[in-house]
Amino acid sequence: MTNKIRKIGILTAGGDCPGLNAVVRAVSKNALRQGIEVIGFKNGFEGLVKNEFIKINDFIASGILTLGGTILGTSNIANPFKYMQEPYGTPENPVDVSNIAIKNFEDNKLDALVTIGGDGTLSMSQQFVEKGIPIVGVPKTIDNDLSATDQTFGFDSALAIATEAVDRIHTTAQSHHRAMIVETMGRYAGWLALRSGIAGGGDIILIPEIPYSEDVIVQTIETRKAKGKNFSIIVVSEGAKNESGEMVIAKTIAGSTDAIRLGGVGQRISQMIECRAGIESRYCILGHVQRGGSPTAYDRLLSTRYGAKALDLIIEGKTKNMVSLQGTQIKDVLIKDAVSKLKLVDPHGQEVHAAVSIGTSFGSKEIG
Amino acid sequence: MTNKIRKIGILTAGGDCPGLNAVVRAVSKNALRQGIEVIGFKNGFEGLVKNEFIKINDFIASGILTLGGTILGTSNIANPFKYMQEPYGTPENPVDVSNIAIKNFEDNKLDALVTIGGDGTLSMSQQFVEKGIPIVGVPKTIDNDLSATDQTFGFDSALAIATEAVDRIHTTAQSHHRAMIVETMGRYAGWLALRSGIAGGGDIILIPEIPYSEDVIVQTIETRKAKGKNFSIIVVSEGAKNESGEMVIAKTIAGSTDAIRLGGVGQRISQMIECRAGIESRYCILGHVQRGGSPTAYDRLLSTRYGAKALDLIIEGKTKNMVSLQGTQIKDVLIKDAVSKLKLVDPHGQEVHAAVSIGTSFGSKEIG
Amino acid sequence: MTNKIRKIGILTAGGDCPGLNAVVRAVSKNALRQGIEVIGFKNGFEGLVKNEFIKINDFIASGILTLGGTILGTSNIANPFKYMQEPYGTPENPVDVSNIAIKNFEDNKLDALVTIGGDGTLSMSQQFVEKGIPIVGVPKTIDNDLSATDQTFGFDSALAIATEAVDRIHTTAQSHHRAMIVETMGRYAGWLALRSGIAGGGDIILIPEIPYSEDVIVQTIETRKAKGKNFSIIVVSEGAKNESGEMVIAKTIAGSTDAIRLGGVGQRISQMIECRAGIESRYCILGHVQRGGSPTAYDRLLSTRYGAKALDLIIEGKTKNMVSLQGTQIKDVLIKDAVSKLKLVDPHGQEVHAAVSIGTSFGSKEIG
Amino acid sequence: MTNKIRKIGILTAGGDCPGLNAVVRAVSKNALRQGIEVIGFKNGFEGLVKNEFIKINDFIASGILTLGGTILGTSNIANPFKYMQEPYGTPENPVDVSNIAIKNFEDNKLDALVTIGGDGTLSMSQQFVEKGIPIVGVPKTIDNDLSATDQTFGFDSALAIATEAVDRIHTTAQSHHRAMIVETMGRYAGWLALRSGIAGGGDIILIPEIPYSEDVIVQTIETRKAKGKNFSIIVVSEGAKNESGEMVIAKTIAGSTDAIRLGGVGQRISQMIECRAGIESRYCILGHVQRGGSPTAYDRLLSTRYGAKALDLIIEGKTKNMVSLQGTQIKDVLIKDAVSKLKLVDPHGQEVHAAVSIGTSFGSKEIG
């Protein structure tokens, strides 16, 4: 079957994530070794629309395993089905330019496309699959919130960075007798806060899946003080909600000359604690450092296995599929079965249970 | 059922490993929270024989999550069934003092024991189980070679250290146009060399499960040179064997006044390459740095989940069992089904296949 | 002379800083070795006022070299000369309780006090010196802005953390073609932004000592784009000022129920760039992670040398003095000559010149 | 004066060292900004002899700041004055081909050469200076043993790596009650062992400048045991000597089929301790990992300042000179005043004194 594949395309889309280059490398090396040509579209689907690409040879595919970011560039706005960029569309008038993308795919005589991205990228990939384009998807999120795979690459690296930050904050909290808050990424799923909270020994962990009660937070801090522990570490997902379901995402009021900003949940909780628990509090928003830098060994391995497998799937003709980690094996699932299904933390699952059993609070009356 | 458990013991045995303290902490916190007393035996089974222990309270169990080593101490020689230490036995005349250990267990009114260790520790644990002692085992190896669990804690940390070393060696190899050899731990199983080799972009990976041919190694280096790649990275398990099944473990000739030492496999391969491939070569034995230091986020999480679960199992009365990672879940297996079954790298499995598909050599004519 | 010193006190004051424990350890070990008793006051000068302390023995002084934070606790509000805490004073009515502190010093039969802190701590120390208390100061700031020493401990660790963050941000900036802003600590002195900017390869560095022009920033980004470099890294001190001398420190509007916050300079510059340079921009405030965690090798060494020297000075009777790094040697200066003199970045000095000469912009028409 | 300089060459020679690329980048960026052409000779002086070079443009000089190794390649054998490589010489018959090198310098119309290397590189540079070639040297050693500068770049990175290894070994030593030995680089000067020993909290530090007594080592370990500290960390330079002045450098017996190797000093001391102190001992040779990988922030800064200054010196016509760190300033010295003068640890200097004063042993009856 191998002889049918002569040339493939590859692109990276969505937010930056450690391991993107490792996937590009593995796909390309596996292909080049078998005499298959590889071109890399620039800046996600934008390159497919504009037909901007580089030819990937062995020289380009080498030495990028450990490199953060993506040598292909990425975009988290370019959507060929709702294209908002010139010369085709505008943010107000997005247009469907998928036929242009498909024409470029065909003009380049590609046999298949590898798309590396998160849920948005997979959705667009599925739309192209439905229009007949052979695609293999590779799942990527910092948040680890894709349901069709045990883990996405990039998450372990983000976890390492967040955990290191919690470690650093720990010493300051202890020295100053403060409640220190670390706000991690995770708008819908709390994996990053949950796991960095457990790994960093956080006292309170707040995640979107378990609405928090301010009372319980204050009570937890006070109970700790009563035991002689006059500091607390709170790890909070940016998307953590209170009991009423309110989320306090940081955002800037557009057009404001004074750079007025509605603070995020980390800031909100910090102020609440200072007011109600009578203890000094500081917060720290980790932000984009969670997305950058060299991937961990785990992520390099997962990325390499994903990339190598993606090419294998192309050769097997499984080109409506996404690679997926299941236990210790890389398997595949249909892209259509993978999109739009968030993998959330189970409030009654093992990890939350383990955290509760060693005394961690989730700021909730129900859990723990 | 909970009210039956009043007091437990815990011990860490075998070689040092990142995450030991994290397990001790999780077991203890889970127990103390439920009013269960915890004592920690010193230096593995030696403490059980000598009845040397500390009482673990909340103060002792706190702040040790990130700490390398074990606050309880460990021993990799003390075996109550073949005890070689004074005052009972000698290396020449090991004696069975398990009845003393059992008496100490009973005199301390323990309801169960948590043993944290590798295959040797689990074997002894099973022997105690057969004599009626309720035990929960927690699997630990740097080598990840226990078959009854997807992963042992400590391995991810060792992998991170080994991968960082391969990264460092990479730049020197390139700058000097050398063949650089990194020798990792792994006497029987090649997991550490395999995964740090893939994660570090090694060109040649040599593991016990795939006997190597010197010819293939030389040929690989020469093929690379012919392509303009005038350096090579070789990652090798200390237990790698050649085609004749010979292993070249480093050892010192006892009694030698000149400290004569038979070099290990890394040195052997390095010399062979200098002689046969006409390229400068250096080797580096990672050694004990792979065992020490603060655990990675992954290992802290796994250790915490293992420890919390171990106490849960005690309460459930599953005290002939070992905690075990299966996919994303912590489950349990009978200790007797876990011991003495090595988990080896499958030469025809996914990880080797992925490495081969991106051009990695295993120094073998058969593989790749 | 040694026999005159029998007992000393030690305290850590001001903000958390990597290396505090290393100084405490070195002072204590040097003292204990010579039979000198050591007590450590809790939470900075607060412990001296309240007479709260621990006796430091060899056990306590051991194993803390690598530990972030301070085992003694710290406070950055307790000032015995303007004491705002109960039962003596309030924030509205600070009172002078220095006589109580002095009485405690005398009642404990101390021969000298080691105070570890920044400019505020040194100022209070000088006031005590003037009242006859023998003191040796050890200079500590994250900002490196004390003029009487070439370097303060803690700065190298903060620099390492900030530089790592710039590295991480770099890959994201490149992948997304963004202007990424990293806001470091440094309200008055730009050392941290300057050095992490150079070490991280920042394209634009904004520091308090060199007022920035928005025009120059925009122009620099556009010139880079014209050269095909469609991303920029901007490293900015929290205290950076614009040409009119305005500083935009982040602060929260007290009493606001909506957690309204005036954004800091990083946010301000980010918004300005999005508006004026037509390039996506994100910012990241490093915050408290710069203060925590294990010190770098450099800082452990400097802290150890400072601590050992502090005790030597006590024995020599130089107890109006502060240890000071001058070149490669630890010397001493009078505390009164050290306080209230900021060490600022020289806009015409070597480091700025080196940065400019390799193409770095300081956002200024005058410099570079 | 600037208009006289039109084109320069640059080369990196000697062993690999973190920061080489950072120097190449700074020299090149400073030159290119002023319209000066830059060529980089490949593999140290070998490229000058063979006239092998690359033209360095802005693209090549960018993005290499954080990269370990050297993009130019290096050689630690190529000496134009005793050239041992074909087609000119052999190891048995080295020949002087400096006239060829000089002809290449002239044919390329170079105005000056920047040589980055250690003592050997500086010696050759001085020989070329004496033959009329304008050269600026940049001092580089892992060992920090050049006397004409306060610090060489690369040392801080090696120190960080060695210290991290000592940290890791520490936890294992404690857990197993062992004497653990870490052997660092440093054949003649003990800086790396001294500083990583202090920074890592080593109990015994052995360096070439202070001959060690086996008796004192054993005694120190036993004294520690008597105090309840049943482990010891020994940090030893590879060039440490005993009282008789014997050095035990690891080497392989040439031609041996059994890969017989005379162990180094770390192994020797380890065996001695096992025999004489009755305590388990393990050793670890750090080796080449000390040379590789991304430079620390400190080294990137120093390298950048050195590189920028080297080009400044060329423009000033100071082309018999070497850049040199003196206190906080980069100055310059004549290369001839810099070569062949080792900077050794002063056994009676501040750093040894500080270490002794906190209880560190140097294995010597005289010191401490």
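As written, the chains take the letters A, B, C and D, and residue 1 is the first residue of each chain.
Operating definition for what follows: a residue touches a chain if its C-beta (ideal position, glycine included) is under 8 Å from a C-beta of that chain, and two chains touch if they have at least 3 such contacts.
Note that this is a predicted model, so its numbers are computed, not measured.
Any chain that touches chain A and also touches chain C would be listed here, but there is none.
Within the contact network of the assembly, the step distance from chain A to chain D comes to 2. Summarising the inter-chain layout, the chain whose CA centre lies farthest from the centre of chain B is C.
Per-chain Cα centroids separate chain B from chain C by 41 Å.
In this assembly, the C-alpha centroid of chain B lies 34 Å from the C-alpha centroid of chain D. Centre-to-centre spacing of chain C and chain D amounts to 31 Å, using the average Cα coordinate of each chain.
Shown for chain D are the residues that touch two or more other chains, namely 167. Pairs of chains meeting the touch criterion: A-B, A-C, B-D, C-D. Chain D meets chain C in the complex at residues 25-26, 29-30, 33, 58, 62-63, 65-66, 150, 156, 159-160, 162-163, 167, 195-196, 198-201, 227, 229, 296-298, 300-301, 304-305, 307-309, 311-312, 326-330, 350-351, 353-355, 357-359. By the touch criterion given at the top, residues 12, 15-16, 20, 43, 67-70, 73-76, 161, 164-165, 167-172, 174-177, 180, 248, 252, 258-263, 267-268, 271, 282-285, 287-289, 291-293 of chain C touch chain A in their complex.
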